[in-house]
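Here come two complexes built around subunit A, the first alongside subunit B, the second alongside subunit C.
Showing the complex of A and B:
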């Protein structure tokens, strides 16, 4: 088991190292002059030289790479010219909003995929057909567009949910900050009005962000459930007197669940990337909206930091579910987890 | 049935006839795909308004007989732009699938059949690319090499290289271990003939399904990049950029600007995914759900 842990951890570290090389190559060694990118087309030669030295771009490529990695690890992610603040500060301040959105999105995606896959694989027939049709819709719809349509429906036409005005209505006072997650903080402060307001603001963006993970989890779990139900041990469980539903829940689900768990880590790690597509629609004050704002204002320092950061988070999420998988199902650890 | 079992043992794949649900997938998928291809091929010819021509006399006109999908803030006809967008999306999808398949598939074959060090080297490169969420890798390419439709296409193609490479490598390794390939080696078939005559034809079904789903992924990601401003730029008639352009008007009543291009993306991706679903069932390809 320790060998398995060590193997997975070193493999993840290696792919992160590779990712930093890829990011360095794409973002720093590309034909466009990064100093020019920072200063704009009208900057003088003197200023360009200064910025190049500032960015660590005047040494050999190897030296440049080492400076790049050292600065990233030290949390020195550059300076955002459009806001006049260090990128790390900006991202850190906005991260809780994205984390809260991501957690709710994942919760919605996971629970609805689980429920729908169970019903679809158990009942088959028209129920299965409907569930599959839903999954084709959620897989094909561009999330940002779906979010906009939800706003048109539930905010503009029906008025049931708040519009795109961030995490809380203006009239609601923010609960004292403990975790940075507004719904949790509101509950900790016993402020149910704030909780309700924060929750209502979360509903549509979380549903939108959850679309992609929902489709993948549903398809995966449904296919695995149907496969496992054909296995002989299900027949044995049934012949021992278990009801079909009992055998389904007790024996089919746990056996079909492993790939879903692994995919969960993958999909959770992708939520940060997905937030870039979703947050802007809802004017959600998170990291994703920060990135789209940066693109809009031609301020790419934020985008550059975001690219390596999202790779780091993605790899770590994958590593965690890999290790978890090895603990839950030791057979994976023995085979080295090779897929 | 006995035949099925024999096929399973020989090729490691289960073959079974696709059920009713999958046949529905085929019919709807084919209909949508035909509509889409017709829109891209003869649409701009039937509806001959210029997608870039501005008409300041009719800005933000609601859908009418003159403009069935309305006009945007500069009076450009949304239907003409949506049709031109179909061309862009299908073209980019095709380029991404072709380059991703050739480079990723090539890497996968080389890794599976080459020396150990080559396998290790190639797979570490693939791991490095796969360490990014796919959308983020495409973003990195456009940020580094200049925002635009071309770099977006390159970025999306690069982001799907790991999908193809890993799948191809795994499939080639699986096929190469099958008894009939071993037998062909035993009777003196050379390495190239083995690859092209015996291994690749058996990898074709998996790759076909993968190509179809990557096509859908490419259309969706292109729209995403256009939406966040890292792909095609307005006034280019690309669906994602059109949605961004229309978003600011959606909540003030001009819903048609963002609605139609989004619907086009939805229909295109659903069409491709339905066809991929049918192919997967009909060819007995397994384990591609994620």
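Showing the complex of A and C:
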């Protein structure tokens, strides 16, 4: 088991190393001179040289890479050319919004997929048919369109939920920052009005963002549940005195859960890195807007930091589900350790 | 017979298929006494496994029981609601399956599966006491170093050991009836013999009534006292193993016996039964075996009239055969 953990952790470190290489060289290879962008079109050759030296751009690519990694690890992620602010500050300010949105979206997707897959795989028949029809719809519908429809309905027509005006209403005072997640901070501060407001603001974007992962998780878990139910040990469990539902929960679900767990890790990473469109629709002050702006303005440091950060999130999520998987299914630890 | 633990009469079951209803069990009757070993033999698809599932009330749609009584320890369990059935399964009647590889949950330890089986029917049993019981049970099915192997997962065990664990789980709550559906088929021959020996000891020691379902006739010959031969969902011949094997009254039994490979008769091809079992959705009007039968062979009565169960002379009251010519065959047998 320890060997398995060690293997997985070192594999993750290797992935991160690869990601940092890609992030670094992809942007070095793209057109545009950072020094020129930094100083503007009228700067002289001398000034450009000085800035290049400051930014570490005059050394060999290898040296540049090493400098980059060392600075990144030290928390120095460079300056945004367009705003002049440190990238780390920019991202730190906006990342909690994306994280909170991603967490709620994932929670909605995961719980509803779990519930629906259990019912569909257990009952089959028309219930299963309906559940699958829902998942076909949620898988096919474009999230930004669905988000707009939700806004039209729950904000415009019914007025039940707030419109696209960020994470809190203007009149609500932000709770003191502890985690950066407004709902949690509000609860910590005992400010239930702020909690309700933050929660209401989260509802529609989280639902929209959770749509695709929901469909994916539902279909995966349902298919696996149905497969596992055909295994002899389910019948054996029933022949020993468990009801069909009891055998379903105690034996089918844990066995069918592994692939879902793995997929959850991937999907959660994707949620954090891929919420750009949904953030646009709901004017959500997350990293999505920051990155799209960064791309449009050739703001290298921002894009680069974001790429590496998403890779890190991705790798960490995968590592966590891998390790959990090894704990749940001991066969994985055996084969994974030898490979 | 006061020791009668299981009495089945007129048990019928069907499977709904797209092309009609398949009659999987047709009017099956038999009884079992404590400590008795009864075999049910027949080709694949003749309804053996359906019988096993029906006895435990585990026949899921599209399968369905359509009639009959199952009297277990004096109580008819054929139409009990699920809530009461689950208290009976594993406690009064247990089932052992063919596939020891797939019969244990791969992500739970052997110990926890045994403990679960015990505590399911003995809710008052403390976890620690259940673990001690589990060790004893593993010892009883002759797994060495039981204490230490409790924490192992099924993939650490060999096929034979897993089947031993399955047996331990099946007998954990002292059932009076054990149904074993092809319990040794997936195992290699030496392991088969060990498992059978184990069965023998357990049945004798605990006075369990054993219903052994198999297609393997040589297994039956060595191991059981009585045998029921199943064909197209019916018992076509019943009797003691000695009588049935020495002088089969039904041509199907005879054909089955002839197709056992005999090591002393290696020359020539192994005799097989021509043709296939009938389509259970379109059973013939007469005898179901008639199309493949060397005796029937187009005789009017075999084609048009289903044979009734007949007593077979000189074999005791439980012996019977369903063939128009059973009596004739038996007298002819004496001559030859």
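One rule holds for everything that comes next: the second predicted complex is superposed on the first by the 302 of 339 C-alpha atoms of A that agree within 3 Å, B and C clash if a C-alpha of one lies under 4 Å from a C-alpha of the other, contacts with A are read in each partner's own complex, and residues count from 1 in each chain.
In this section, a residue touches a chain if its C-beta (ideal position, glycine included) is under 8 Å from a C-beta of that chain, and two chains touch if they have at least 3 such contacts.
This is a predicted model, so every value here is computed, not measured.
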| Overlaying on subunit A: subunit B and subunit C, fit or clash? | fit
| Looking at subunit A, does subunit B or subunit C touch a larger number of its residues? | B
| Counting only touches as set out at the top, which of subunit B and subunit C does A:269 meet: first, second, both, neither? | first
| request: Please work out whether A:141 is in contact with subunit B alone, subunit C alone, both, or neither, and reply first, second, both or neither. | output: first
| query | Once the shared chain is lined up, is A:315 touching subunit B (first), subunit C (second), both, or neither of them? | reply | first
| Once the shared chain is lined up, is A:243 touching subunit B (first), subunit C (second), both, or neither of them? | second
| message | Let me test your reading of the model: by the given contact rule, A:281 touches which partner, first (subunit B), second (subunit C), both or neither? | response | first
| said: Let me test your reading of the model: by the given contact rule, A:79 touches which partner, first (subunit B), second (subunit C), both or neither? | reply: neither
| query | Now for A:18: first (subunit B), second (subunit C), both, or neither, which partner does it touch? | reply | first
| request: Using the superposition on chain A described above, determine whether A:235 touches subunit B (first), subunit C (second), both, or neither. | output: second
| On the overlay, how many Å separate the closest CA atoms of subunit B and subunit C? | 11
| Which subunit A residues come up in both lists, the one for subunit B and the one for subunit C? | none
| note | subunit C contacts subunit A in the complex at 56, 58, 82-83, 86-91, 94-95, 97, 99, 102-108, 116-117, 120-121, 153, 155, 166, 169-170
| field | subunit B-touching residues of subunit A, taken from the complex the two chains share | value | 11, 14-19, 21-23, 26-28, 30-32, 128-129, 132, 136-137, 139-142, 144-146, 148-149, 151-152, 155-156, 163-164, 216, 219-220, 223-224, 259, 263, 266, 269-270, 272-274, 276-277, 280-281, 291-292, 295-296, 300, 303-304, 306-307, 310-311, 314-315, 339
| Quick one: in the complex, what on subunit B touches subunit A? | 21, 24, 124-125, 127-137, 139-141, 143-147, 170, 216, 220, 223-224, 227-230, 240, 243, 247, 250-251, 255, 258-259, 261-262, 265-270, 273-274, 277, 289-290
| remark: Counting only contacts in the complex, subunit A reaches subunit C at residues 231-233, 235-244, 246, 250-251, 254-255, 328-331, 334
